[in-house]
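This report refers to the structure that appears directly beneath it.
Note that the chains take the letters A, B, C and D in the order they are written out, and that residue 1 is the start of every chain.
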Amino acid sequence: MSATSHAHDEAGQAPLVGSLGVDSRKLGLWAFIGSETLFFTALITTHLIFYARTKADLAAKGMLEHMDPKLYLGIDLTTILAAILLASSLTMVLALAATKSKEWPKFRFWLLATIVLGSAFVLGQVYEFTHLYHEGLKLAPQYVYEGETVKSLFGVTFFVMTGFHGLHVTLGVVWLIAVYFKVRRFAASPENPMDVELVGLYWHFVDLVWVAIFTLVYLI
Amino acid sequence: MAEHATHDQHAESHESHSTRFYWMIGAILAVITAVEVAIFLVKDTIGHELFLAILFILSIAKGAGVVMYFMHLRGDARIFQLVFIVPFLLAVTLCLGFLTIFSHHVGIAG
Amino acid sequence: MAIAEQKLTSVSPATASSGSFPWRTWLATVDHKKIGIIYIVSAFVFFLLGGIEAMLMRVQLGTPNNTFLSADVYNQLFTMHATTMIFLMVMPMNVGIGNYVVPLMIGARDMAFPRLNALSIWLFLGGGLLLYLSFLTGGAPNGGWFAYAPLTQVQYSPTAGMDYWILGLGLTGIASIAGALNFIVTVLNMRAPGMSINRMPLFVWMNLVVSFIIIFAFPTFTVGSIQLLFDRQFGAAFFNPAQGGDAVLWQHLFWFFGHPEVYILILPVMGMISEILPVFSRKPIFGYSFVAFSGVGIGFLGFIVWAHHMFGVGMGPMANAFFAAASMVIAIPTGVKIFNWIATMWAGDVRLTTAMLYAIGFISMFIIGGISGITLASPPIDLQQTDTYYVVAHLHYVLFGGSILGLFAGAFYWFPKMTGRLLNERIGKIQFWLMMISFNITFFPMHIVGTEGMPRRIYTYEAGMGWDMWNFIETIGTFLLAFSVLIFIYNVLSSLRNGEVASNDPWDAATLEWTIPSPPPSYNFLHIPVVNSRRPLWDAKYPHAAGDDHHGPSSAPSQVRYEYTDEETEGAKDIHMPSLTFSPMIFSGGLTVASLGFIYINKDILGLPTRVAALGFILIGIVMVSIAIRGWILDSRKDSPYLSQHH
Amino acid sequence: MRKEARKSTIPLLVLVLSCAAMLAGCANLPATTLYTYGDHATRVLDLLTPVFWMAVGVFVIVQGALVYTVIRFRSKQASAPVPTQIHGNTKIEIIWTIAPAFILLVIAVMTFRTQAANSYQPPEAMKIRAIAHQWWFEFQYDDGKIVTASDLYIPVGQSVQIQLEAADVMHNFWIPKLAGKTYMIPGKTNYLAFKATESGIFRAFCAEFCGESHGNMRFRVIALDPAEFAQWKTNYATTPAATNGTAQALGLTGDAARGAAIFADPKKQCAACHIIEGTTAKGKIGPNLTHYGNRLTIAAGVLPYTTDNLANWLHDPASIKPGNLMGRVIKKGMLKDQEVADLVAYLDGMKFAVNMPAEK
């Protein structure tokens, strides 16, 4: 999204390397990732606070055993999603390695693989959301589990948190596609490795968030 | 400019790993995930504290693997490490601070 | 010098009046200087709006049991007054001056991402316009700038006001984060050769610190306001205790952002003061690294004190004690700054220009605001003083006596650089004294009425509480204050036309921006300067007085020049600058239109037609954003050294 | 020379004026925090006083140093030589980093001592439940056996623990002369313990912005001698007898018996929101109006209690307290003048004698 131009540039120079000796866009993206870290932390923390409260409420009523909203989240699908995202991180880094060695067919293969895996993750999440919705977990301050209604913010915090993660994955897929076409069209551009590295950084970060969500939300 | 140039080279040249290396890291991360799921399945037999401890260690290892090797933060310019680690610490502060404040207590203003 | 004046005649808006106003070069600009000026002018307009809101409130409070304003209008006004002054005035004014000055100070030709910079300004304006549109569409936000839950839930605040607030601030928030990323990369990565981190001007330092604070503090606010939006639009109940939400959680999310926000407002101004005091004392800043690192320290500590705004919510004495102690610690780096400023003037040749007077006024008023803050850091005392006019006094001593007086100092200091003409010093000094006196008449009595028990945010009060006289005096002070602002406007308008023409370096200053013409050409520096000390210009002018500067590893003087031959200026046309583009503006316009639609997507006003219209707005917005992204990609190809040749 | 002298008198003048202002602030005004009659507020004042003088000391030193520096080192001539370029002095930096730290340490220690005392909840304290509504306060004694509003009666010399709750939005409970503020938060219970040391009537407010009529949300605290307080409680717990007296309001004579009938009339909707013990009025939305004639104010501190003010309130509640719920039901003109007078007679008639202390 950031502008690629740089007032210091003169044609022929290595693009965008400045007084710190780093690429400006990469520095900006790392700082943005830092900002996003706090964004997702706030979302996850909200979820943890309300889940602890729901658990305490249920435990007080002796309902925790059979009404815990965690029972919605079977870990089979999530494990598959986590594996998909992890695999896409691997294909992403392989794509980057291929750009550095200028092996364009390899690069195209691995980047396409990343796009496919990313899309699979999004579709998996769409499936998960519709599934949960039909099971009774909705974007509402209560959920219905096996016919019984429980007042809890679990659904709200869960959908907002994972929804924003899914949105980030979706934007990442769009960005990957854009980079794919740009590199295909301008195969000799010296900017290509950095373009791929940037989208890669973003992509790994999105994977990193899922590592946290997988542990803090699904497993614990 | 000269002073900067030396700086530049150091900063830009993170080790390029072989594709085999990435496959290895990917495999390790996959194994960690598998172990996580495995201990999740047996969590009732190993006790809650142990489960949490193992899970946290594994997740941190997994996250560190992604950040250090896939995002190449290990060996990359110091500024990137700074720009990532500072907000990460703030995020930990935020999370632990909030969870502490929202743990059970009596509402008395000081 | 001749060249400087020649530039002036060709660029200065005062003399460019011979044609129609060059709208295109402004609206499609990616020049950090033009963007800076758009920021400054729009922030000043919002300053006037916020000031008018303040005056209306003061008229209402001038006498007890007054009925000049209704309760609801009063609540809208105080909400918008704070929102305006914080998000639409002081923050963008800081960003505007920073935008103009920071690249010049570090010897750069533009910000790192000029188009992103343009996006920031238009998003900020879009957000500001959206917020003010709410006055016309059935009620401005009325839940306070702190938007405490559950008052901001839809059942207690049924107008669309708070939705405007969330989305308007959402847009300015994106603008702030984008702008901060831009500053971080610019400051870290665009410095002229030789300008190491420990040679950066302190204003640049503080902008760097503030940019980090912004990108780390805004996300929690974004999350909080997204959750609030889900509450209001989709019945999510994050902050609605009646349905299992938690009202205090909002406060934590808000103040985790809100307290660092206070430093976002004050630190850049402290940076300005740290530039102005040395220049008019003709000495270097005393304790450069202590001033710089105290700023970093304040930035860090700012993240662990948020709950001192919430001593009364019942977090328990242990939590309160922790936040009290952390808050008191902040006084130490703040004190260090003040002492260093005074020491900078000590044994100097103190020239009381208007800019200097404002800088001294800043220190003087900030001392009061800082000291009154100490009692608020002590939970027991805070529980008596919080939510009273004492806090109103404290925060205005910090934000008006601090930030705004400092911004006036910056305005008088950099006005000649930006416009090529000096502001009138005599009028400026009259204005300074009037403002200082009327500021104290307005806000000092608030300490007293606060101590006498007058709560904040009340639209009226009964007679006989002992508050009447002070409130009346405060109201008079407000009018005097407004008059002093009018004098400033007059000064600006008349000086733009008839002011004394500024040379490159009218103040005998020390930093790089004064080496180039006033106003600077679009490319700023013909040759990027090579810097060998903290005060490159000063050392070039006074080599004998620079001898005891131990902070340059090399004794070679910095290569700064401020006069160029005609051939050299001819060569300037080869300097490649990014081209004009409307994409950022269309992008932000699209987001603004879509936000407007989003506000009404779930509102039961006029039934179906509203929802259809809302959906239409969202679609138009999406189309605009898509067009902008396409344009953006094409523009970036044009400016890319490789892609522009292999198209 | 003369110009300089004038400049230096300005800060002095400011100082004198601000001292005068401070003294003026020290009068015993209705809501001042500087004259305290409760242990909680007194401890705060005892903390504030030394902190204030320390602050004055710091202010005089730092502001003095600033003014002195500016005056002493003012540029005397346009072509003054370049002053010595001093870049700093680490020793001085360390001194002025540590010196404020000591002052802050002293303040912190004093703060924590006061905090410990003020947050202590004596187990023997009398428990009162306070529930904030938009925009009035409800008070319950003895587990809800006694319910009143807008007037909080407490005994002198005995600790009371207020259990603070809110029914709708966030409010803040503040009696400046007795105790510092504590939030009243929906979904959360807070506690505030304090002891009145003298009898008196004290002003109190909601201090947190709570919506349209936040400015109109006040209450009174009446601290009575313990015997008097016990008597008040006994009297209050007694169901008011049916009244049949008369009262004057806005020039009309109201009849209490008729008023009672109007109040109970479902069409007039009074009973839908209000409770009066011993009658059919069982509404739970508005304040409990049992023994209404004993109230010190009308509409939660907005108007002093007089029969005329009560009549004005009943005529048009919305104009007196914008946004309030009663104003949405009882519009201007819905109650005829005579009906209002009758209601006033009825409500005013329900009272018993209390030996009221002076307003402090």
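Just so we're on the same page, a contact is a pair of C-beta atoms (placed from the backbone, for glycine too) under 8 Å apart; a residue touches a chain by one contact, two chains touch by 3 or more.
Because the structure is a prediction, the values reported are computed rather than measured.
Engineer: Which neighbours do chain B and chain D have in common?
Structural biologist: C
Engineer: For the pairs B-C and A-C, output the one whose chains share more C-beta pairs in contact.
Structural biologist: Answer by contact count: A-C.
Engineer: Between chain C and chain D, tell me the centre distance in angstrom, where each centre is the average of that chain's C-alpha atoms.
Structural biologist: 36
Engineer: I'd like the Å distance between the centres of chain A and chain D, where a centre is the mean of that chain's Cα atoms.
Structural biologist: That gives a centre separation of 50 Å.
Engineer: Between chain A and chain C, what is the gap in Å from one C-alpha centre to the other?
Structural biologist: Spacing between the chain centres: roughly 33 Å.
Engineer: Find every residue in chain D that makes contact with two or more other chains and list them.
Structural biologist: Chain D, residues with two or more chain partners: 115, 118-119, 180-183, 185, 188, 190-191.
Engineer: So which bits of chain A are touching at least two other chains?
Structural biologist: Residues 19-20, 22, 27, 31, 34-35, 38, 41-42, 49, 53 of chain A each touch two or more of the other chains.
Engineer: What residues in chain B touch two or more of the other chains?
Structural biologist: Residues 4, 79, 83, 86-87, 90, 94, 98, 102, 106-110.
Engineer: Output every touching chain pair, sorted by label.
Structural biologist: Contact pairs between chains: A-B, A-C, B-C, B-D, C-D.
Engineer: In the complex formed with chain B, which residues of chain D make contact?
Structural biologist: Per the touch definition, chain D meets chain B at residues 115, 118-119, 121, 164, 180-183, 185, 188-192.
Engineer: Please output the residues of chain C touching chain D within their complex, sorted ascending.
Structural biologist: It is residues 70-72, 74-75, 142-144, 148-151, 156-157, 241-242, 245-248, 281-284, 286-290, 312-314, 317, 320-321, 324-325, 328-329, 331-332, 335-336, 338-340, 342-343, 345-352, 360, 363-364, 367-368, 371-372, 374-375, 378-388, 440, 444-445, 447-448, 451-462, 464-466, 542, 545-546, 548-551 of chain C that touch chain D.
Engineer: For chain A, which residues are in contact with chain C within the complex?
Structural biologist: Residue positions touching the partner: 1-13, 15, 18-20, 22, 24-25, 27-28, 31-32, 34-36, 38-39, 41-43, 46, 49-50, 53, 139-142, 151-153, 156-157, 160, 164, 178, 186, 188-191.
Engineer: Which residues, counting only chain B, touch chain A once they are in their complex?
Structural biologist: Per the stated touch rule, the residues are 4-5, 7-12, 16-19, 22-23, 25-26, 29-30, 33, 36-37, 40, 52, 55-56, 58-59, 62-63, 66-67, 69-71, 77, 79-80, 83-84, 86-88, 90-91, 94-95, 98-99, 102-104.
Engineer: If we count contacts the way the header does, which residues on chain B are in touch with chain D in the complex?
Structural biologist: By the definition above, chain B touches chain D via 106-110.
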